[in-house]
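What follows is a pair of complexes built around subunit A, which joins subunit B in one and subunit C in the other.
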Partner chain A sequence: MTGWYEPGTSPLHRIPAGWKFLAVLALAALVFALRSPVWLGGVCAAVLLGYAVARVTPRRCLQLARMLGMLVLLVFAMQWWLLGAGQALVVCLRIVAALAAANLFTVTTRVEDLVFAVERGLRPFTRLGVRPDRVGLLIGLTLQAVAALSMISAEVREAAKARGAERSIPAFAVPFLVRTLRHADELGEALAARGEGDG
Partner chain B sequence: MIEFADVGHRYGDRVVLSGVDLRLAEQRVAFVGANGSGKSTLARMINGLVPPTSGRVRVDGLDPSRDGREVRRRVGFVFANPDSQIVMPTAGEDVAFSLRRSGLSKRERAERAAQALAEYGLDGYADHPAHQLSGGQKQLLALCAMLVLDPDVLVCDEPTTLLDLRNKRRFVERLTGLRQQIVLVTHDLDLLESFDRVIVLDEGRVVADDRPEHALRHYRTLVT
Partner chain C sequence: MVFAAFIAVLGIFPGVYVGTSGIPIVLQNAGPLLAGSLLGARRGAMSVALFLALTALGLPLLSGGRAGIGPFLGPSGGFLLGWILSALVAGLIVARAKRPGLPVLLAANAAGLAADYLIGVPWLGFYTGDLPAAAVQSLTFLPGDVAKVVVVSLIAALLYRALPGQLAGSAKRSA
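Up next is the complex of A and B:
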């Protein structure tokens, strides 16, 4: 979300990636089952405590806070208007707990470890036609795509700005699409060259 | 040994290559030519990324379009833009990705990857986000991810295009020291002095095939 793995030796870094992943999924399910703001607040506090345990740098915490703050403000305003303050608070606490936990997961987990854990977890399903190595690669590529697309969008926005077209939608959308499609072509070629798809 | 026999290629009506006959046995071979001369397409045929539409290609007697897997195990490929070639989020993971079918354990793969990175001047970058490396470092990473598999042939398609002069020189110095047979597609003519053979392409045909000084003289008269 807000970035990548930060090396560390905290207990949270050392938990095996597969268990950590399941814990994040369970936590996401839990916050959607809970309705009491007090309990949800407790979950949020626990997740935030996790940031302290993992010794996440203040810079990263600030990044997350800024992003979450904007999102929560927007959602809270909408929900308040539609459903009232009580509901809005519950929804926002759910969002904070789920996203903060997911972000804590990416900060403390190497992608490679996650990929490996997923591959191992899916191995029993090989007989049902699931290809664990493909699913693992898919996860890695998805995360890589986030980095690649944000880089392309930053460069395209710069170029539009340089031509005084920062408010023009076509000046962003056209080069962004062209470069994204070309990136997809080149990535496909590179994967083929690295033996992916050779079975 | 890389062989092209009467190789041609067309995209629809546009002829990209025609009548290419080459046997590449030298250790250091370069393809030179203008944009659109067909040199990248020719290079891609060596590992089966592009199949010829006529004629045949053989790498150690194997057909890259039929035995692609076996050929790609022998032929590494480095592209112009490392951003598209790096498929994993960190440098170490990307090199380890190359080793995914090596039968090594996860830990061994990580160790081999770190070792390989150190060999190519990227010591300590294993956990570094790959996309935050400098251009020169990214291209070294792409090279490292290929060489960790120890191929016999390394095809490089304009690998120095995005690099500054110092990184260009550094990259080519690395190439020069390798045991692999190298096929280099390039516009950086001054990097080719030490090469055994330079092949000049123009409009899809081989127009010169000689030692660097002769071939490059021909190429320079072609573009002026």
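Up next is the complex of A and C:
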């Protein structure tokens, strides 16, 4: 499974993940504080400039723009109808600025770096019983489980089809969930056997 | 944890587009309700939180392959965060019941859905600066969500019959 990360050497790629994340949050907060469309447009332009600095591939840009475009169109239509064009413009500029910045963050940050940043960020909480070294294990196990469950889901669908019940939701969902829970039990036992206990 | 993966797998199924409104009705938000009603409050909410954390880290697990912190900062971010409360509320109600039958599950999931809206609607209102408008907008999703509450409750009731004494409050299990 690959995320949205795109390798690169731009300044945006090199900022440590933790600081970059705080910057995105600060930008989102700023966007909500601003009410003037001109300033909001300026922030949007700055974020778009960030895409150029990071040299995001046109293909990825197009994909992100399409996703954002659909959302913005929908929101704009709704807001226009309910609140008028001026307010709709402000809301949409906010969405574009916040989401484009957030997506830029995701595109320029490696998942591994982010995981490391989370582990470091959690370190002060060790005394409260948080175990930062578990973060990696948790992520790995979950990804493995996604793969396992995708397979189970395909098998269950096949079985439902063989019984001529492909249109029945319970015929799919119930066996799928039973096997999901069983998988969870087995995994829990395996972890307990390795001394990782519950949780 | 496996249940976090389960929610992820729910995201694989494409959204069902209703009419031409352009709003996909996704199966994924049935996941938190299922997690709450089957695993109980603590484990259910933790599964959902883990799922959301992985999404925020940039794994494309949300339906439509969405990933990163974008979906959380967007107008519907409140509904995502509300999933945690959703699972929590549904789980708490199920755990209170002696024998979780269909009526209990329906009530629990309806309350879970309401909890999600409780966070999601003000968030949207904060975005648009107009709470009533946000509430009106959210009404579009209500019929689909109510249908999901019913289906989830039916399925959960079947599962309680299939796995007696193994779910929610009754037994220790690894989420």
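Basically, the second predicted complex is superposed on the first by the 124 of 199 C-alpha atoms of A that agree within 3 Å, B and C clash if a C-alpha of one lies under 4 Å from a C-alpha of the other, contacts with A are read in each partner's own complex, and residues count from 1 in each chain.
Everything that follows uses one rule, which is that a contact is a pair of C-beta atoms (placed from the backbone, for glycine too) under 8 Å apart; a residue touches a chain by one contact, two chains touch by 3 or more.
Because the structure is a prediction, the values reported are computed rather than measured.
Student: Applying the touch criterion given at the start, work out whether A:Arg167 contacts subunit B, subunit C, both or neither, answering first, second, both or neither.
Tutor: Once the two structures are laid over each other on A, A:Arg167 reaches no partner at all.
Student: Applying the document's definition of touch, where does A:Val111 land relative to subunit B and subunit C: first, second, both, or neither?
Tutor: both
Student: One more residue to check, A:His183. First (subunit B), second (subunit C), both or neither?
Tutor: both
Student: For A:Leu83, is the partner it touches subunit B (first), subunit C (second), both, or none of the two (neither)?
Tutor: second
Student: A:Ala148 in the overlay: touching subunit B, subunit C, both, or neither? Say first, second, both or neither.
Tutor: both
Student: Can A:Ile139 be said to touch subunit B (first), subunit C (second), both, or neither?
Tutor: In the superposition, A:Ile139 contacts subunit C only.
Student: Can you tell me whether subunit B or subunit C touches more residues on subunit A?
Tutor: Of subunit B and subunit C, more residues of subunit A lie in contact with C.
Student: Which of the two partners, first being subunit B and second being subunit C, lies in contact with A:Pro7: first, second, both, or neither?
Tutor: first
Student: Does the superposition put A:Leu191 against subunit B (first), subunit C (second), both, or neither?
Tutor: A:Leu191 sits against subunit B and subunit C alike.
Student: On subunit A, what residues does subunit B touch that subunit C touches as well?
Tutor: The answer is residues 4-5, 111, 141, 143, 148, 183, 187, 189, 191, 198 of subunit A.
Student: Report the residues of subunit B in contact with subunit A in the complex, numbered from low to high.
Tutor: 44, 47, 49, 68-69, 72-73, 76-77, 79, 81, 83-90, 92-93, 96-98, 100-101, 106, 110, 127, 129, 131, 145-146
Student: Name, in rising order, each residue of subunit A that touches subunit B in their complex.
Tutor: Within the complex, subunit A contacts subunit B at residues 4-5, 7, 110-112, 116, 133, 140-141, 143-144, 147-148, 151, 183, 186-187, 189-195, 198-199.
Student: Which part of subunit C faces subunit A closely enough to touch in the complex?
Tutor: 1-6, 8-9, 12, 22-23, 34, 38, 50-51, 54, 57-61, 64, 66-70, 72-75, 126-130, 133, 136-137, 151, 154-155, 158-159, 162-163, 166-167, 172-175
Student: Give every residue of subunit A touching subunit C within the complex, in rising order.
Tutor: That would be residues 1-5, 21, 24, 28, 32, 67, 70-71, 73-75, 78-79, 82-83, 87, 90-91, 94-95, 98-99, 101-103, 105-107, 109, 111, 114-115, 118, 138-139, 141-143, 145-146, 148-150, 153, 169-170, 173-174, 177-178, 180-181, 183-185, 187-189, 191, 198 of subunit A.
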